[in-house]
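Below: a set of structures, written as structure tokens.
Here come two complexes built around chain A, the first alongside chain B, the second alongside chain C.
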Partner chain A sequence: MKRMIYILSIAMFFNASPSAAETPEEKGLAIAKEDDRRDNGFKNFTADMVMILKNRQGEESSRHIRNKTLEVEGDGDKSLSIFDRPRDVKGTSLLNFTHKVGADDQWLYLPALKRVKRISSANKSGSFMGSTFAYEDVTSQEVEKYTYKWIRDEEHKGEKCFVFERYPVYENSGYTRQVVWLDQQDYKILQIEFYDRKNALLKTLTQSGFKQYLDKYWYPAAMYMENHQTGKSTLLTWSDYKFQTGLSDKNFNKNSLKRAR
Partner chain B sequence: MTQYPLAFYRAALCFLVATGFFVAASFSHAHEFSGFVAAETRLFPNGALHAGQKNDSISFVAQHEYYHEFDGGSSFTFVHFYRLDSADRERTHFDIRELTFLWLKEDFELRLGVRKVFWGTTEILHLVDIINQTDFVENVDGEDKLGQPMANISFARDWGTFDLYWLPYFRERTFVGKGGRLRDSKVVDTDSTQYESRAEEWHGDWAFRYAHSFDDWDVGVAQFIGTSRDPTLIDEDDDIKIPRYEQIRQTSIDVSFVAEEWLWKGEALYRRGQGEDYFAWTGGFEYTFTRVWNSQIDLGVIGEWMYDTREEEDATTAFENDLAGGIRLALNDSASTEALFGWVQDLSSPARLLFLEVSRRFGDRLLLTAELRTFSHQPAADFLYAQRNDEVMQIELAYYY
Partner chain C sequence: MNTSDSCFGSWVIRFRWLIIPATFLLVFVAASGTRLLSFSTDYRVFFSEDNPQLVAFETLQNTYTKNDNVMFAVEPKDGRVFTRETLAVVEEITGASWKIPYSIRVDSVSNFQYTWADGDDLVVQDLVKNAAGLTDAQLKKIQAVALAEPLMLNRLITRKSDITGVNVTINRPQKSITETPEVVTFVRAMRDEFQKKYPDINIYLTGVVFMDNAFNEAGEGDMKSLVPVMYGIVLIVMAFSLRTFWGTFTTILIMAFSILTGMGLAGWSGIRLTPISANAPTIILTLAVADSIHVLVTLFYEMRNGKPKYEAIRESLRVNHQPVFITSLTTAIGFLSLNFSDSPPFRDLGNIVATGVMVAYVYSVFFLPAMMAVLPLRVKATSSSQNGFIDALGDWVIRRRDLLFWGMIIIIAALAVQIPRNVIDEKFNEYFDTRYQFRIDNDYVEEHLTGFESIEYSLNAGESGGISNPEYLKTLEAFTDWYRQQPRVMYVGTLTDTLKRLNKNMHGDDESFYRLPEERDLAAQYLLLYELSLPFGLDLNNQINIDKSSTRFTAVLESVSTDETFHLENSAQEWLRKNAPPEMASHGASPLIMFSHIAKRNIDSMMKGTAFALLLISAILVVVLRSFKLGIISTIPNMVPMIMTFGIWGWAVGEVGLAVSVVAPVALGIIVDDTVHFLSKYRRARLELGKSSEEAVRYSFHTVGTALFLTSVILVCGFLVLTFSGFRMNAQLGFMTTISILCALAADFLFLPALLMKLAGTPARKKNYSEGESLT
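Up next, the complex of A and B:
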């Protein structure tokens, strides 16, 4: 009898646990939500970014960009990107309000004309600064932007990972699906494979050099995006992360866009 | 060999000394120095129509910028510009583009000094942009501006941004001189400039603007009270015209609306004080095809209409009823290769204007820009009739530091 109760209670335990009845889609979504929860609460940060663009022939060129990001509760982040190099575009800045649902709001500041220009953000699949990154790869990632499906668990580069697929909700996305390797301990995205509209492998993103900030948030120092179809690649390195620097909404309006240096 | 006036050599000396100083200073890290030096050539395949004009020119340009940011975000900016031109004495000029102290406070921004301000949304014609005078000797597209002395206070709030401007000194428009192409048959004599106001260029002008973004809409409403930036040109004798600057009141609105790949834009103004009261507007769209031909290339299509209610003889613009179409190509390659082709068609005559602008970066610091402009089918009454032979090819190589 005692043994019977034991078996029953084990069965009940498993039934009570949501994972037992979880579909791969529910599990994928749960992973994405947990990842988002762990990423929340950073408030704001600034960081410097260098992109090294390499073409098929191995010729290199670089872009230097400074970034300011503000977390917005209940919506996507606000960000301000200031281009330092190449020198002919120095002072060009991009103000971006991401939204959980629908298109982002984007304004570009052209310093030679002192002009703030609203730009169409439908252009999410377009190249970011001539690199192998698309706008949709570098703007803030929100749970609502994809649907999910867990595929398997596997070891990747010595770390136990969830492998799941995500499917862009946005119809003009350049991708049909992305396969994500997320480490189970710290929820660091180690690798993403991007499949184009024809479902052929387009790009692979590899992230490395993770460091923990504010004892909580894991950010990569290097993001390497290789385009398998064109032979081009981009190495994006981050440095000088500063968190909770006192940025507020006031640092993300058109006046601050014009002032940005 | 052409004999240049003494002023040319003086300007050349200033140019070289300033360039040397600023290039040397750019190695300092305490404050920020940047800018460019450039060489430009213009070639006119068709013979000149007006006495004194040349068929080609060489120019040297430099723009130096010093910027310093104080703790708390306030800043000081100094930008000065030089051009030395082989064909046109008027095009050889110097300007302080910016000399500004920006005082950043929690509730407002106060900007004092010489600055440049842009208003507007459209691509072909910048109709409502009025704060700065056009540096017309630079280029016929009117996008180069002279620095404007001002005091400007700006309040950015949840309900929008409000800007108030006091403009204590007026800058005269620059006009192409006798040796230059792309001008009227008569040279504009800027030494005999007339003003409606007795205070002349010291008339204090005022402007305010309210701008706000509502979701997919960006709207700006502005009022300008003061000296018109567009002069009325008065025939003085057979060879010269005299610019006359009237006192005007101008109310304007500029709007842009984004819907997926579509950008809709419009600008309109109502001006009183310069000839008969008139209304003018321009508007249109820009549609972007992303990653065309399965490449990284973006292709934008631009369509804009320009309309001015004045009769042609009273107009201070070439665009009284014109339709413009354009194609913008961005290759999104590492050299940021870009091209813009445009066609401006007069709707009341066969006159048209075609242009092509191409730019490409070489290495990290060199930028090559080429422009081609043609004027064709201008009837004798057209605003640009005197420029019908001034088809021009312009090539500029700039070094940025």
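Up next, the complex of A and C:
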């Protein structure tokens, strides 16, 4: 009996780390690459999002945004966000070119000014529309934006997960590290903990309501971001995902920005 | 009663071997609660949970973000902030400040988000980046931008550019009392490191967190320095009055027991110490010693007169049990009436001291006689004739009763008219004297950079997204302009400045567009654009609520008096009433406003407390003296010292605050003892011994005059010790109580006898005129 447990535990050990030579960093990177590989190839999609913001006083407020995303081979995705509500910013749209390295390119069309303004700023760590999400949390996640370290495997909400840390490469990031819970079967990010510059727990993101699209891609319906320090929270819900809707490069430039409705 | 007290004495002697270990056990159990005691490190403890100003401020902070802070004031020795060297240090401190525990935001000249137009690009960047590599022209530009920026001038930079601030917003979860010291220790280490690395720069530290920490330091400091001093004084007084080793030893034990029990029970009940309640040991010590002295003085007096020890113990308890109980009870009532206070630390002080005083009574009538019964007592036959002076005083008072009566009335009246000169003034950053580094640094920063006090408003636009409404913005701008013109206002932080700057940026940095956007959607879209380009921690969440329906408005003030604060806030209210829509109406909220109101609130509540204490104490006196008339008369010598004290204070100081507001009931409970002793002897002489009122006054002087004088000396010493506290409230409390004890002695020795004789209407009036007649 004792002998059997011994053998079993050895087997489990090898199962947990298939290659003994792999460092936690290599394993972390491998997981991120696999995640990225599984996410590739969707080409483009549109989806609507609603953010419900809450402060410590219990006040609530909402933001409505329509999103269009175009996958770009060899670089970060392009996205176009059209703000529907609050009413005062209706028609304002944001064009964003994510880059694997370096600052993103951002243009904003202000209908009240009838002009497109390029935002020249190295900042993407600030609050996104007053919510607990930072711009860097919602923009497209590229492998090159972080370095990685696998921590452990554990069960999380009934699903077997990789738990790994990732460290932003971006020097102005508000975070020192993020701890990610990624389910091993479908590579869904179930939870991320964000640690601030003093390495104190700042926020927790919980994702739920995953659905599979195109028989391949798992996207969450709800993203809940709680700021533990300020007591504020934001519930971001996605709806109406549509894939491969015929979007192309010409939908993602300064001119299309003005016309975006 | 007498027989029962005599029985009580026998009982104590019989069970002495039970009482002594039982006392030790009781003290041990209670005292083990002291390990649960800790010092509060948050100025908010001065406010009850439902204090309306606290609630308003908490609401404001919950709507936006907290604004407790740590401020580094960086002063280059060459007096020039805008040099490569100084800016590099500012940049370094700014970066390092993100690592301060619980920091959520850092603002400085270096990370100020400078916006400018480059064609159709909006550039948003740190005002200072890589300071060491800047050119002279860039330095000039940076200086010009900083000085022209209303959101920085007189907050982070002076017009002279000789000192600059790095302001760190600290968001303590308020879950552990170690949070404040943790921040302070970290920041001080940071300061030391920078100071060492850059000797050409002075760094001063201030902010709410440092004030909170000073509360902690003050409480601990007082406990460590004042209590031993008080013990020393008591030892000296006892050495002179008792001249007995074992008596002194046991008294010291009783005082320690009383303190340990009072503080231990406070620990068990979860009280968190403040500089106010940290005084409880000193006050218990002062009050507890009197009980033992009364018991021991009689005991030794009887033994000197040849009575055996047990007999002397019985006699001492017979004579003293009731007065010691009554005086302890009245003192406890005085302190318990602090529960009327709006400020929890005073309630805690009242409850701890009341407990200490009552257990001191218990120990003095059980443990003390039991110990005396056990310990070997030797008595030297000494002739104690200290009474000569007191008897002469009594004779003089009887002789000069008319002069004293009218003279005292004139003095009391003259002092009474000074009472209105007391003006409420609560400068909370001046609670600490200059032995605290916080006070020194803060004074310097206030004088050279920016104010410590502020008033904040949450100005509501009345609808979701309404802060972009041009009407709202115009009103906000006018309010800002008005506020900036008010005296003592150094700085106003408001949204309109940001919007005006953005409007200018959006129009190619054309100065003529440095004005508010005129369309609602335009303003909203500017804000969206701006928000999208801000870095971590520097967003607008601290200024705009999530619904974009209200903004935060912050005015930073120079050191202001409470009167000036109220005047400013009232004028602001009036301005808003006249010029703003009703939904924009908002009361100022801030620690300054909270502390400004608390003195007044506390004075109102303590009036009730004093009335309660006075009524209860008078009722007790009616019962004890078994005379309704004497009970009523007793209110006069009890009230007179209060009138005199507040008159003297109004004439000499004139500023009253939180501490002064609690003096009346505390002092009342203490000084009433004199009246109790004097009147009970007077009554005994009149009724039991059938003496005339003059004779009765003389008898009272002879029997209790010395004891009253002695206990007053101890009380005065005890409360004078408090005046050495580095915490202003304690010093004031000590000083004022001292005055009231002296006034009470004057009232009981000089006024009460004359009053009693007047009311008795003695026929022996001519005795007054027969000079030199022997009255003994």
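Operating definition for what follows: the second predicted complex is superposed on the first by the 242 of 261 C-alpha atoms of A that agree within 3 Å, B and C clash if a C-alpha of one lies under 4 Å from a C-alpha of the other, contacts with A are read in each partner's own complex, and residues count from 1 in each chain.
The rule is short, and it goes like this: a contact is a pair of C-beta atoms (placed from the backbone, for glycine too) under 8 Å apart; a residue touches a chain by one contact, two chains touch by 3 or more.
Not measured: the values here are computed from a predicted model.
S.K.: Put chain B and chain C onto chain A via the superposition and say whether they clash or fit.
M.R.: clash
S.K.: For A:R118, decide between first (touching chain B), second (touching chain C), both and neither.
M.R.: After superposing on A, A:R118 lies in contact with both chain B and chain C.
S.K.: In the overlaid three-chain picture, which partner chain does A:N253 touch, first (chain B) or second (chain C), both, or neither?
M.R.: first
S.K.: Between chain B (first) and chain C (second), which, if any, makes contact with A:L53: first, second, both or neither?
M.R.: In the superposition, A:L53 touches chain B and chain C alike.
S.K.: Pick one for A:G231: touches chain B only (first), chain C only (second), both, or neither.
M.R.: After superposition on chain A, A:G231 lies in contact with chain C alone.
S.K.: Applying the document's definition of touch, where does A:A200 land relative to chain B and chain C: first, second, both, or neither?
M.R.: In the superposition, A:A200 contacts chain C only.
S.K.: Applying the touch criterion given at the start, work out whether A:L108 contacts chain B, chain C, both or neither, answering first, second, both or neither.
M.R.: It touches chain C, and chain B stays clear.
S.K.: Is A:D88 contacted by the first partner chain B, the second partner chain C, both or neither?
M.R.: both
S.K.: Tell me which touches more residues of chain A here: chain C or chain B.
M.R.: If we count touched residues of chain A for both partners, the winner is C.
S.K.: By the touch definition at the top of the document, which applies to A:Y187: first (chain B), second (chain C), both, or neither?
M.R.: Neither partner.
S.K.: Chain B: which of 151-159, 205-213, 295-303 or 313-321 bumps into chain C?
M.R.: Looking at 151-159, 205-213, 295-303 or 313-321, the stretch of chain B that collides with chain C is 295-303.
S.K.: Please identify the positions on chain A that touch both chain B and chain C, taking each partner from its own complex.
M.R.: Overlap of chain B and chain C footprints on chain A: residues 53, 55, 59, 61, 86-90, 113, 115-123, 125-127, 130, 172, 174, 230.
S.K.: Chain A touches which residues of chain B in the complex?
M.R.: Residues of chain B touching chain A: 32, 34, 36, 67, 69, 73, 75, 102, 104, 106, 109, 116-118, 120-121, 143, 154, 156, 161, 211, 213, 215-216, 218, 256, 258, 260-263, 286, 288, 290-291, 296, 298, 332-336, 361, 364-365, 367, 398, 400-401.
S.K.: Under the definition above, what is the set of chain A residues touching chain B in their complex?
M.R.: 53, 55, 59, 61-62, 85-90, 103, 105, 107, 113-123, 125-127, 130, 172, 174, 230, 250, 253-256, 259, 261
S.K.: With touch defined as at the start, can you tell me which chain C residues reach chain A in the complex?
M.R.: 59, 62-63, 65-66, 98-104, 118, 120-125, 171, 173, 464-465, 468, 506, 519-526, 528-529, 531-541, 544-548
S.K.: In the complex, go through chain A and note every residue touching chain C.
M.R.: Those in contact with chain C are residues 53-57, 59-61, 83, 86-90, 92, 94, 106, 108, 110-113, 115-123, 125-131, 134-135, 172-174, 196-198, 200, 229-232.
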